[in-house]
Amino acid sequence: MLILSSEKTDNPARIERTYYLISENIRIDGREREDYRPMEIETDVVSHAFGSSRLRLANTDVLVAVKIEVDAPYPERPLEGKLEFFVDCSANATPEFEGRGGEELAVELSNCLSSAYRSEEVFNLKKLCIMKGRKCWKLYVDILLLEVGGNLFDAVSIAVKAALWNTQIPKIKSINVDGSNIDIQVCDDIFSCTKLDVTGAPLMVTVCKIGDKCIVDPNAAEEQCSVGAVVVAVSRGNICTISQTGTGSFHPDTFKSCLILGISVAQRLEDSLTETLGEIKANQDVGFLK
Amino acid sequence: MDEQFRILHPIKYYRDHINNHIRPDGRELNKFRPVLVNIGSINTSDGSALAKVGDTTVICGIKAELCSPKVESPDQGFLIPNVELPPLCSSKFKPGPPSEEAQVVTQLLADIVKNSKCFDLKQLCICHEKLVWCLFADLICISYDGSLMDACVIALMGALKSVQLPLVDYDPAIDNKLVNEEQKNFVNIQGIPICTTFSMFDKNILYDPTQEEENLSSCTFNVVLMEDKLCSVHKPGGTPISEQNLMECIEVSKQRTNTICELIDIALKKNKT
Amino acid sequence: MEKQNLICLPGQRLSLCDKTHTSGKGTYDRRGYIYSNISGIVDVVIKDGIKILEVHSPGLQTIVPAQGDVVTAQISIITQQYCKCYIKCIGDKILRRHFKAILRREDIKATEKDKIDVYKSFKPGDIILARVLPITEAHNYQLSTAENELGVAVAYSEHGHPMIPISWTEMQCIKTYVKEPRKVAKLIPENIHEDLIARLSETTTKV
Amino acid sequence: MPVDHKRINAPESAVPYKLFTKLNTESLKEQYQKAIRDGIRVDGRKPSEHRKIFLKTGIVAHAKGSAYIEQGNTKVVTSVFDPREIPNRTDYCLKGEIYCEFKFAPFSCPKRRLHQQDSQEKECSAIMKKALEAVVCREEFPNFQVDVYALVLHNDGSALSAAVTAAGVALASAGIPMFDIITSSTLAIQGEHSLFDPNFREELLSEIAIEKEHGVVILCVTSTHQQISHFHQTGNLQLNTITQSIDTLHNTCKEIVPVVQKCLVKSVLSVISES
Amino acid sequence: MPQKIQMRLASNRVDTSVVINRDIPAIYTPGQIISNQNEFLRGHGTYEENGQLKASVAGVREKVDILISVRPLKSRYHGKVGDVVVGRIIEVQQKRWKVNTNSILDSVLLISSVNLPGGELRRRSAEDEHMMRKYLQEGDLISAEVQSVYSDGSLSLHTRSLKYGKLGQGVLVKVFPSLIKISKTHFHNLSIGVSLILGTNGFIWICPIINNTEENVGGFVQNLEEVVPKSIRATMARIRNCILALAQSKVMLFDSSITYAYEESTKYTLAELLLPEVMADVALSTQQKLILSETE
């Protein structure tokens, strides 16, 4: 039997790692610590989804689609709709995801997203209520990782926000209640849809610690060399989730400076995203296979 | 040095001890380990108990829920015992679905409760054919060191004794339930079955064996008694035992049953005050 | 408290790390200080005028076999090329969890490597002393008995009786006097406790 | 749902009776005001007061190390086992791994928990793993994994923090080489109220947006080197609030250290006296 | 002041192709008939059906006498004896290391094919076998030469020359092997203070120029403490970005194309070199410069 050469992501040796340590403010690709790589975004890429987006950040490629269903709200939260994240780590993205390899990352990503979107201040699920305690909209946000080239959390959060921005929720024409049966009529007119309010939807920024310096938007090699990172989810200038990835530990002061850096980068990301999404004209015909 | 010998040749190590009529943990062959019972320390459950037999610790928590009865037994509720042997309690168990041993113990425990008739499921009926109580008795082994069944039975019975169920107003016409948590009643227990485990090593009978003893012995069996009456003897394979030996074990179990019942009663009183 | 019973806990700073103080077992150094790794008792070993700080855990230490360790192992399977065994002790420290190891044919003896026969060197159940070779594969320790002091320490004959060594290559059953071939170890107290061998080799009086 | 043949199954229609008790008509705001009245919490504590901690080692007989923690009503058992082979892993790795499994007992919470790990438990396992990885000297056991299990017997808030602290003690008592002692603490924030070591109800109420600022913060810190080994936050908080909470939680974690030290010294002494 | 984050719509994507008035060879697609005549020898990337020769991969036809083969446009590295490669150690085994060289199968580096520390004439003992991880361990990068090709296509490497061995501080860039132009030497010391190894397998190593070669015994000595000065770091980053820009536009990589690209790139800042339009511009002007220099 032939054992094919593995394509697993490189694990740089100690000597190479030394080079990645940045004493001077210049990274291997010439960026400074706070610089972001250019990215490319598009929305409305999946025709049968209610909303979708695709983001390419250097080698990281993410596709997000939003699906909507009518569901019954949780008994303890009768006034709220539902929002669920599902991350699929396709083995296409990296050979490490083969079998159950991507499961841990998928759980980490979806947990981080759902905890970032949990607060009512961030994303108001009450807007998704159709009828108190009986019917509500349920949003399924499916995230497909097409390629992994570092900085997944940031890329996913941007793509999710763009997909939710793009999502159209059908208008309800009438609700008929007959005992325990509820009949919901949806407007046929495809143009009479409501858009979601995503101004508070969080953007996540990974602040990566390499040596004793912190950088944003690490590429895959930088991630390998880093001992740990802080993921800061920011919504309207407030922090809605902080999580740590990797195995390293932080000094409290370093940690605080990471948070400050995270917030400022999130603001810049937010500005760019709003500007870019604003450029999208209706019914623009672009497929990502172009 | 002693420990090395134990690991390299455990059977010989044991044989040397047994020949001197003493077990490695310092007990004589016919001595039980101390038993400890603690009832009702977990107030998120409707009834709970912790049982310690030597270094074996089992905790049981009972949660009550409402459901409709089975069609074939419209006036009976449910008592669902499940024994969990998590990897936490011993390196013997791996994460994942219940091990074979956990399944066997669960089934055995369910059989003991059913066959001894110590708990009448009819008392769990709220409304004939419509609404009954379902008691989830979850037993978790925290520390595993042999004679697991003994600890499980004690924990389950202790927890059952402490279960208090609220009153339920049920209107079958409109399927409306109202639970009154202010008024709670204890459930009735007809008797307390007690299990005692024995092991055979060479031709000696070891009372209340530890995990190591169970592993090395040629057969392990347990005897369940309820108030001087024999409920069941469970001897899954292994070397045969003589009738005389069995009778002796049953006799010993009888004495132990009484002391353990007293222990449960004391623990229960302690909990109430 | 006596001086030698100085208890320390993980992360406890023990001393400066300088020319006269270095970190030994159970300690680590970071930013010029020596810290404890485990909870146990502090021990200072003086060697060549340098104080080596060590911490010893009183109970069972958590260790894994490392290159160069002499271990006690029990043979489980033998084939023509190698035998598989389980490492049960490292030095005099016993392991709760046994590690799988493999002893290749060419590592059994130091000389006449091409004449080695695995079947004439070990039998399943034998307790051997062996040295751990460098670890090349994860999950599989490689052992070597290519030293005089290494090889079979305790063995039982076909009939289950203990055997005693009569030469470098043979052991004899004390009951049946049958001789069986083995790669016999010259036991030195450093590697194994004499009493242990005595206890393992004595016959049990049947009840 | 597939039938679980390995357990005794209950009727599927079973529902908790708590759903049919008299409805609580109070608004969330009123409920929160009840939970903290005039700066005193329901259990009589001040907002910054930590519950008493009881720690004990060696309660799981056949584990390499184990610890039991009682923090108010919250009770957690943790155990640690000898290094073992990493399953499904054949390539050489220089650092050992830590496998964590965090589980709520079915009867530990107001709502019955299922036997399989749910997503919350998986998240807690991941947090525990990350927190502990930073303190264990993993290069001492390359190619192996150390299993750490935590079982919550009774969840009355701050269960994850209690589990991390106890797991640290269990690891140390197992003789696993560690860089440091680890302690953890939780903070529940709602508006201007910051409640240390929240109980179950306080934790639940802080997850919901009653005020603009709310959230739950968990901090795990190593004692000597003062490093944050893990930090987790949910809700919606301002940067200032978070930086402040880091400082205050750090102090709380420091206060727990003596309890941990005492417990560990005790366990060392008991082993010495035995041998 | 940090840079603005660049986010663009996919509809505004830049065309990166730089083909200018050049003959593009015919590209065959799988199943396409290459030859109808019977007079041929079937080579790699082709198959025979009904007496016709068809392509089995997408690529360019190559003909040597009557041997017809199709060289795929995109493929893993197919090594030839004498090739200079850069590879990463992925496994330490008994008496050999497994090396990832971007081939279909892992390559091997036998312990007998390396110069061990202490001079060339040294017997390899059992001790050395036990010390293998001390010399090279998982993750280490090496430069080596292909010593032989096994029957299954996997490569055996050697580092028995002072120029080969373990690599120190620097950056690895991966491109398609077909973009590396085979030339006399694959080691280049550029005048701008950067040293390059253009591995034929598509792995390119960029590092600061090492001055004293005396210390470099078989490449096992490394200096972890040495800090690369900022200016060199900047140059290395620029070279890296230039190589990626050329690779994106499929311009062949060799010393002059890289030097030209470097010269062309100086009108941009380092960070700008990550922008697709800038990358395309650098590649385009490099291509023009190359054509000019060819015609001269």
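Residue numbering begins at 1 within each chain, and the chains themselves are lettered A, B, C, D and E in the order written.
Just so it is clear, a contact is a pair of C-beta atoms (placed from the backbone, for glycine too) under 8 Å apart; a residue touches a chain by one contact, two chains touch by 3 or more.
Not measured: the values here are computed from a predicted model.
The chains in contact with chain D and with chain E alike are A, C. When the partners of chain C are compared with those of chain E, the chains appearing in both lists are D.
Set against one another, B-C and B-D show the most C-beta pairs in contact at B-D. Among the chains present, the centre nearest to the common Cα mean is that of D.
Averaging Cα coordinates per chain places chain A and chain D 27 Å apart.
Spacing of chain C relative to chain D, judged by their CA centroids, is 39 angstrom.
Centre-to-centre, using mean CA coordinates, chain A is 49 Å away from chain B.
Residue positions 81-82, 91-92, 135, 222, 225 of chain D are each in touch with at least two other chains. Across the assembly, chain B contributes residues 91 that each touch 2 or more other chains. For chain E, the set of residues that touch two or more other chains comprises 90, 92, 137-138.
Applying the touch definition to all chain combinations yields A-D, A-E, B-C, B-D, C-D, C-E, D-E. Residues 41-45, 48, 55-57, 59, 61-68, 70, 78, 80-82, 84, 86-92, 95, 97-98, 102-103, 106-107, 110, 134, 136, 138, 140, 142-145, 166, 168, 177-181, 211 of chain B are the ones that touch chain D when the two sit in their complex.
Residues of chain E touching chain A in their complex: 2-11, 13, 76, 88-90, 100-106, 137-141, 152, 166-172, 222, 224, 227-230, 233-234, 236-238, 240-241, 270-271, 273-276.
Interface residues of chain D facing chain C in the complex, by the touch rule stated above, are 64, 81-86, 89-93, 135, 137, 140-144, 146, 172-181, 222-225, 261, 264-265, 267-269, 271-272, 275. By the touch rule above, chain A contacts chain D in their complex via residues 75, 104, 107-108, 110-111, 115-116, 118-122, 228, 230, 235, 237-252, 255-256, 259-260, 263. Within the complex, the chain A residues that touch chain E are 2-6, 10-16, 18-19, 23-24, 26-32, 34-42, 54, 56, 221, 264-265, 268-269, 271-273, 275-276, 279-280, 284, 286, 288, 290.
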